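Look at the two complexes coming up: chain A is in both, with chain B in one and chain C in the other.
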Partner chain A sequence: MSEERPLILLRGLRKEFNGLVAVEGLDLEIKEGEFICFLGPSGCGKTTTLRMIAGLETPTAGDIFLRGKRINDLPPQQRQVGFVFQNYALFWHATVYDNLAFGLRVREVSKEEIDRRVRETAARFELEPLLETRASRLSLSAMQRVALGRTLLTEPNVLLLDEPLNNIRPGLREVMRAELKRLQQQLGRTMIYVTHDQEEAMTLGDRILVMNMGRAEQLASPRQIYHRPETLFVAGFIGRPPMNFLETQYRVEGDRAFLERGNLRWEVSEKRSIIEEKVKGNRIVLGIRPEHILPVAEAREKGLTGQAVPVTVDLVQPLARKKIVDLKVGDKVIKMLVPGTSSLAKGEELEVIFDPRKMHLFDQKTERAIV
Partner chain B sequence: MADLVHKPSQANATIRVSRLARIINKETNFQIALVAPLQLLLWFLLIVPTIVVLYLSIIAWQPILGDWTKAPIVWLKNYGDVLSDRVFWAALGRTVAVVTIAVSLEFIIGLGLALLFRGDFLAKRILTSVILYPMMLPWVVVGFTFYLLFLPQGPVNYLLRQALGPGAAVSWFKEPLLAFSTIVLADVWQWMPFMFLILYSGLGALPREPVEAAMTLGANRWHIFRHVILPMLKPIIIIALVIRALEAFKIFDLIFIMTDGGPGTSTESISLYIYRLSFEYQRLSYAAAMAVLILLLVTVITRIAIRPLEYHQE
Partner chain C sequence: MQTETNKGVTTARIVETRKLGPALRFVLALIVAIIVLLPVIWILSISFKPVEEWKADPPTLLPRRPILDNYKILFRIGNPVGTVREMVSSAEPVNRAFLNSLIIAPISTVASVLIGFCAAYAVSRYQVGGNFMPFFTLTTRMFPPAAFAVPLLFYYSWILRNYLKIDLYDTHLGLILMYTGFTVAFSLWMMKGFIDAVPRHVEEAAILDGASPWRVLFTITLPLVKGGLFATTLFVFILNWTEFLLALEFTSREAITVPVQISRYATAVGEFYGPKAALGIIASIPVVIAGYLIQRHLVTGFTFGMVRE
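Here is the complex of A and B:
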């Protein structure tokens, strides 16, 4: 078996439900031992994709390969793919012991062997005192551990997790997220984790697949997703508060190039060749994250230059250590993140600068990044 | 911050309410008012007749003896007589047999059909309503239909003769076992749909995830049915069985119409026996004692039957 071969390969995967397209043209390679997060708003097709990998849905078109073998027609029972459901889907009537033993019993493993392995798993997941407890009486955290333990006992090729932290209150959620990360590092198992929570995806994933309307928007490391979003959707979806977008016109004057919006203009001469190569038409969306907008004075201190944008403070929302400031640029509102000590108040007028190194440009027509 | 500390003065907070409103507002009064009509109805429909039956069962009275309020109280004598009545025990045993056999068959067929109907197939909707049809018929109609079917010159014998020759006709109502079978058959025909309906909707209401989880854990169809679906369905199965068994225990109409308890008393159910005692033999006190005993028996058995249900709810 070659090391190069991906554990899971999806090719042109498509799923329709009664004519509604849930997943469209999805290609993906997952390497052994990777932690991949599927991230996207609800209804983007991430769970459907997961269910197709598990065999719980049949793809309308496209192929799924597991270790090089096409498994489209293999029933879930024969795929050795572990699935942890959003609500854990435990056998509520049964004890923790019976839940854990289920996968081994159906494989007709000997009683002694089952007992040994169930107790081993129970010890690892700190479920020993609960072995005789009915699953329906467990705490959420214990339910999650049973669901994980039960699935891992069958030694799956890959572990699929469908928003397993969704029903858990904030606070406990972070704890369980850390537990999960630790577990994955211990086991070195391949995991695919579906979530709509960007923070979860950013902290857990080796790579993140951002999905929208059934399509893959971008597959990259969390850093890249944040710093080099490839599409308008990814740029707007990742980051809190979200990235600001300003529609601009591209204009060339002599050997200099500008993005213009009303009487504002940003020089983009050094990106001229790439813009002209990639963009059809002249409409470009300028993206800037709230944390990369600075008041002029501060920007000058850091040696940043560029278009000073006159703005009016519209709203100030204090957070724990920062403040989100809504700024009016003409009729458009953009958000700026400032330190909590800032004394900006509603109605105040000032000038801000967009950090030129952090500006993102998108073709308005294709909604793709210009890089 | 000062705004938050400010409170309206106590004087303003006092709200005037009318006397009536105050009475209604008292929570217990309001609750009593809500349940009172039903309580009164129940009293007249249930409790008064129950008391009358209880009283009847401890006196020695028959209609020919005149005023029942003047009949002597014999306490538990009637009960003792019932317990040493061989006909009573035979009727009780027969009734238990009908309930056990008919309800089991209804359950097995109903569950099988319900499982079958989980899949999708042609004309499923139409078939569903066809299956439910017998349940909508009155007992009398079902009894009479089956009586006609199994008459010596009826359609069943006709078919038997056509298929197996002239000697194949059977006197259905002359043989105790055969007569018993026709009654069970009629009951199953009429009430299997009830089982089907409850189990089918119960299956439909089960969460899908545990089944899917079992699939990904490698369980085959049988495992999933035996260890996932059946346990999840258990409360519904218990309810269906209890309702059906309670109803079947009172079996009367079918037997009254089809065999009238015969041949001899070989198909006489407990209800039919009690009916005979009260209205044919006029032994109302004795029949009342028997009815009370049956009530106690059914209550105890039902309590035991639904115990797993309470455990399930924890």
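Here is the complex of A and C:
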């Protein structure tokens, strides 16, 4: 075990709702001061996990530890956990001041102390002119700041954020994301941030927990999640446009090993031992990101070799600086990312090469990466 | 989905009426207003009419010779003349009925809304009673009150009186209990609607700030449903204030209420339209005042909480 005691420790956490499993077998260690993102499609159990940590849901099985103390049976009021809800859950009938002061009043802090701390927080979040405004009249950005301020005033052990930027229009969203990141760095507080937006998770998180169907798929840094996805799900979920997958057969010829698809074959001799150790059958999924597919000429310039794949351009979608090109490989469509200056047009035939250093291999049966 | 459709329909209707042109719209509105207001105007008019105009043929919309006698008679003020005095002398003065109504209706209203609110909170937040119990409370409204009247009368005037030595017949408490019981289902269901509209997250935020369930209820939920609470109170108050059948059945002299008193002006001697109308007008005053006083809360109550989910 690490010498530092984790702030939060989840052990075999499981939650069922009327027989439906929302979270299953979740283990997680969160260190003091860390920014962790729970990332996954809606219904993957990320919010449920957050609510179990807060005490708003009771786990069906498993344990939650806070600083080494089991808190399964501790009521939410006593957990000292801050929670920022998706819709901020402000007390609409009250003023910004009363919203901020609520937690301190509950704790029976003296009036002067409350006033001092509320004004301090208001200053930090630029809410001073709004202190007497009713919460129901605030702009979204101000609502978010009130929700954050209100929660931070109670000095929580950990701050849980449930998709706080979800309702905010693009543009403002990026601004508030940056604000949040700066805030976390200033405060050095532990935060768990739930989102279904990979961009948010990649920019905010020290580590990301990717979840799917109630299970943890991978827990790693944003870089690792992107470059070393451990499962087919993570590989397909992270990255835009998503990773291309081609189903192939593994075949050994003499002392060389290949992945075959029709008359295409990619040599994987150097990975032979690991493949044979890990894969039961001979079916392997080859994953390649759109940005790692190159036209043959360009690949040769960079000194890349490998199977030249004949393709036909099916569709070109220009983005700001890049173009997404749909390529037909037999009956399969894969996506390639090319510079905006590229002159590829629909119907054009060409050959491309998959950057051999960037190829990901997955066991088709277990859907796990072969590394 | 449901509201979307409703919105669509309403918008469509508004657009349709807009097409009609202002003149036609005004005429339509006028017709509706006349249909709605005519009975009220008629009662108001009769309450100022002398006896010979009550049943005049052809009828007069406005009294030819307006008098205050109908009102004076109710409270036995001054010395009304002629037939009216003779006709009304048999009836009770209205003071007692008015006082009774002013005791019974507010108390049973507050009791009903209080119980209804607590029950609604339990049902909405803790699913107390599952699906069955909240629905079951509605059975008190499923039968016509007349169907309850006879068994209840048997209960009040026979079982309670003879076996438990509790006499609730013709008492304030007797009617208060009954009114509370009959309206509590309304209170529950109305308040449940308002409480359901308060997002659970708001309460959870207060809990995570350290607040106890009671504190959450009183400092967060209650203020948020304040408007709904006022609306429910007004609604239940109107039910209790105007209730006739049970009051008629369960009172005879001491605890009669205003609606019963109004019915007393129709006897074998004749119909006392004038005093009847006058009492009707007076009886509507508390409801109008109550409605006016809480108007502001009704509006804010309905706009708060519902809009921002």
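In this text, the second predicted complex is superposed on the first by the 368 of 371 C-alpha atoms of A that agree within 3 Å, B and C clash if a C-alpha of one lies under 4 Å from a C-alpha of the other, contacts with A are read in each partner's own complex, and residues count from 1 in each chain.
As a convention for this text, a residue touches a chain if its C-beta (ideal position, glycine included) is under 8 Å from a C-beta of that chain, and two chains touch if they have at least 3 such contacts.
These numbers come from a predicted model, not from an experiment.
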Query = When the two structures are superposed on chain A, do chain B and chain C clash or fit side by side?
reply = clash
Task = Return first, second, both or neither, reflecting whether A:254 touches chain B, chain C, both chains, or no partner chain.
result = neither
Ask   = First (chain B), second (chain C), both or neither: which does A:154 touch?
value = both
Key: Contacts of A:188 with chain B and chain C, given as first, second, both or neither   = neither
Ask   = Does chain B (first) or chain C (second) touch A:170, or do both, or does neither?
value = neither
Ask   = Which partner does A:137 reach: the first (chain B), the second (chain C), both, or neither?
value = first
Request  = Give one of first, second, both or neither to describe whether A:83 is in contact with chain B, with chain C, with both, or with none.
outcome  = both
Inquiry  = Show me the chain A residues, by the header's touch rule, that chain B contacts in one structure and chain C contacts in the other.
reply    = 54-56, 76-79, 81-83, 85, 87, 89-94, 102-103, 106-107, 136, 150-151, 154
Inquiry  = Quick check: in the complex, which residue numbers of chain A touch chain B?
reply    = 54-56, 75-83, 85, 87, 89-94, 102-103, 106-107, 134, 136-137, 150-151, 154
Remark   = The chain C residues in contact with chain A across the complex are 199, 201-202, 204-212, 215, 219-220, 223-224, 226, 304-305, 308-309
Touching residues on chain B, where the partner in the complex is chain A = 207, 209-210, 212-220, 223, 227-228, 231-232, 234, 312, 314
Query = Inside the complex, what are the residues of chain A that reach chain C?
reply = 54-56, 76-79, 81-83, 85-87, 89-94, 102-103, 106-107, 136, 147, 150-151, 154
